[in-house]
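There are two complexes below, and they share chain A, which is joined by chain B in the first and by chain C in the second.
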Partner chain A sequence: MRLLRLTWAVAANAFSESVRHRFFTLFFVFAFASVYASVLAGVMAVDQEARVLADFGLALIELTALAYALFNAASVLLKEAETKTIYLVFSRPVPRWAYLAGKLWGALLTAGLMLAVMAAMHLALLALRGFGVPAFYGWALAGAFLKLAVITAIAFFVSLFSTSPVSTIVISGILWTAGHFASEARFMAERVPGVAAPALKGLLWLIPNLQIFNARDAAGAASALPPAAFAAAGAWMLAACLGSLWLLSRKEF
Partner chain B sequence: MTRARFFLPAAALLAWGAGGFAASRAYRPHFPPPSEIQVPVKGAAGDMFSLALGTRRLFADLWFIRLMQYYGTREKPLAGEERECAEHPGERHHDHHGLNGEGLYPEFFSRARHILELDPHFASAGLYAAGSLAFNMDRPAEAEALLNFGIKYAPREWKYATLLAAVGYSKAQDPAAVARTITPLITDKDCPVMLKQLAAFLNKKAGDLAAAAVIYADIAATSRDAAYVDNARRELEKLSKKARRP
Partner chain C sequence: MSARAVSFSGVEKTYRRPGLLGASYNTAVKDLSFEIPAGEVTGLLGLNGAGKTTIMKLLTGLLFPTAGSVRVFGHSPSDAAAKSKVGFLPELPYFPPQVKPGEALAYFGRLSGLSGADLALAVRTAIERTGLEPHAGKRVSEFSKGMLQRLGLAQAILHKPELLVLDEPVSGLDPLAIHDIRGLLAGLNAEGRTIFLSSHSISEVEKLAARVLILVKGSLALTVKRAQWEAAPGGLEAIFVEAVK
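What follows is the complex of A and B.
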């Protein structure tokens, strides 16, 4: 119970620091402007305005939340190490895993808040144009949150061995795009002749298949996320956290 | 400390593998493989983004807007094709591109197919494009190819199969059968207004004025395309005048 309280204290602190960051406000302004600009594309689509507005809005919401989540995850641990705040934390009886779990929890709360507020803005815009809530909307947001959760955990791991926040953002961004290419890459790997095929397939296991969470894109086919998607997200996050804990345990504070 | 040195990375790898295993068992791709994607015009960079950011649906929307802009733009006349217009004496036109949408539009099929390559579940786009090819541009073979592509990757989409049957009747010069076949489509939310317009026209031609009036009223009430709405109102007026005549 004490450890849970400690973890929550770290999470609450991380959350309030993120929300108070001026970049957070800027991202909201950007998100609102982008979502509002999608009205133009919607109008051009004439009878498909509802679909275009929904697709534009959901994609922009996800990308904006991704940008902030990566920025936050890439800088938070490095900043605490640079400002020596981390020494203060570890001088108290705070286990490293509780610190890490708290930071991740705080980052996820921030991502969840961003998604919720931007979705509210988007739905208000849809209502203003005379459209209701798309049927797949809840699943699309849930999928976006799972993607953000996985990539944030990975970014935490990367930030512990990379030299700067920029390199963390770049590496995590590459993993994000590769994660969406996973099924295409698997298809191509199956067509590679010789021994290269199993080697490539083995390498592909290192990339999280983010398409499994992409309910936003699969809305026309099957938008509900399968239970395995939640299991995969949990496993990948756990793996990234264990890796981060391993790297953190090797550091001298 | 030594235990953590080996236990943590091993547990991390195990958890990562478990995540990959769960995802690979559950994931079924909903989209055509990359070998099916043929970029018709400039736009390869956009398509890369659509795959890399998981935004196929969004890029299918953009290609649909581009298709409508392409189809909505009057074609440049070929040499010697201009002639004096009967409606506008003294003026030489290529054609009057109105609601009928006649024309050559050589890139229409490849652009339309590209939308379905990105999102074969975008039924409205598939129906709009196939309907335009078959009924406006008299290219039923291309319409059939497009619908068959859609059916291949979205086999549960009954609307493609229905329109495919209607195209078949159209080839057999049976407008009454075409009207009958597309009737279930016109009440669907995915039905493009162009097909509704066609259904109304065919019903009117076959003498079923009540059915035509219902469809025109639906177009006037639900469409956001001003040209179709204006036309539907005009037709409704004509039909009501006809109905009032003894």
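What follows is the complex of A and C.
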């Protein structure tokens, strides 16, 4: 119970610091502009306005939330080390795993809030144009959140060995992009001749398959995310967290 | 309470800096052995780079010794049992600019295991003791260096630690703030708390400490008791200069 309270204290503080940051407000202005851009794209689509407005809006929501989540995850641990705030935390009886879990929890709460507010803006725009809520909408948002959760956990891991937030964002961004081409990469790896094939296949295990979280791509308009998607997200996050904990437990400040 | 608050036994700390052509190593402290008696104010003096901050970080569990052992009230500094008895004020403490002192203290209080009415009382008491009451409604961004230092001290005493580890507690402060902090530390020591402080200011250490450790290039050059420097011509300053020359 004490450890849960500790973890929650770190999470609540991380969430509160994030939403009070100037950058968060700026991001909301940018998010609104991005979501509003989907209206323009929808209008240009003429007959397919509802579909383009929904798809384009969701894609922009996901990309905007991803950009913020990466920035947040890449800078949060590094900033605490640079400002020496971490001295005040780790000189107290706070286990490193509780700190890490709290920071991740806080980052996910922030990402969740960002998704929720952007979705509200998007749904308001859909309603304004006279369209209802698409059947797959909730699952698409859930998929986007799972992707953010996986990539945030990976960015935390990368930030513990990379030299700057920029390199963390770049590495995590590459993994996010590669994660959307996981099945294509697997297909190509199976056709690579010689000894490179097993090495390439092994390397692919390091890239999370983010395609399984795309509810919009699945057959059927209201397709729910399969339980395997949740299990995969949990497994990827757990692996990234264990890696982060291994690095953090050896880190000196 | 144990008679020894802290003990260092044959401690060495070497920093490893990775480079393109292999790692470079820098030994910050070596073969360091000393004890800090419980209930006493012990000062740590040394030139820049002598290893003062390294010692502070070793005994708060922020650094791990390369060799030897550090014990805090008989525990490893990384143990929760040791950490719950320690309050640490690092040099130039940082607090998020948008928070008020009460919010910052409440967070650190929660991390120290306080909650509910105990937390509220601890925050109120720490604010009162450090003289931050008139500034309680301000945000940290409006704080002067002296007020930040007081807030740093407030977070260190929040959970009533048995040992206070203070890295340059009066660095860059005006005379009134120094006077207030000195009074506060003397009061805390009178309550039986052990204080271990590092400083560049010999006169400050001289006023507060019962014993002073003089560190030269990572090694303990001298341990001086109050009676010794009071009897010496030139006082502690003369002893320090002689030791570091």
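In this text, the second predicted complex is superposed on the first by the 244 of 253 C-alpha atoms of A that agree within 3 Å, B and C clash if a C-alpha of one lies under 4 Å from a C-alpha of the other, contacts with A are read in each partner's own complex, and residues count from 1 in each chain.
Just so we're on the same page, a contact is a pair of C-beta atoms (placed from the backbone, for glycine too) under 8 Å apart; a residue touches a chain by one contact, two chains touch by 3 or more.
What you see is a predicted model, and the numbers here were worked out from it, not measured in a lab.
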- Task: Using the touch definition from the top, say if A:E252 reaches chain B (first), chain C (second), both or neither.
- Result: second
- According to the contact criterion defined above, which of chain B and chain C contacts more residues of chain A? B
- Message: Just to be sure I read the superposition right, which of the two partners does A:V89 touch: chain B = first, chain C = second, or both, or neither?
- Response: second
- Query: If you stack the two complexes on chain A, which partner ends up touching A:R216: first (chain B), second (chain C), both, or neither?
  - Reply: first
- Based on the superposed arrangement, let me know which partner A:S183 touches: chain B (first), chain C (second), both, or neither? first
- Task: Name the residues of chain A shared by its contacts with chain B and its contacts with chain C.
- Result: none
- Query: What residues of chain C sit close enough to touch chain A in their complex?
  - Reply: 57, 60-64, 80-81, 83-84, 86, 88, 90, 92-96, 98, 107-108, 110-113, 115, 155, 159, 165
- Note on the structure: In their shared complex, chain B is touched by residues of chain A numbered 41, 44-49, 51-52, 55-56, 59, 63, 177, 180-181, 183-184, 187-188, 205-206, 208-212, 214, 216-222, 226-229, 231-236, 238-240, 242-243, 245-246, 249-250
- Interfacial residue positions of chain A with respect to chain C in the complex: 2, 5-6, 9-10, 13, 17, 20-21, 83-85, 87-95, 252-253
- Query: Of all residues in chain B, which touch chain A in the complex?
  - Reply: 1, 4-5, 8-9, 11-20, 22-27, 29-30, 33-35, 51-58, 61-62, 64-65, 68-69, 119-125, 154, 192-193, 223-225
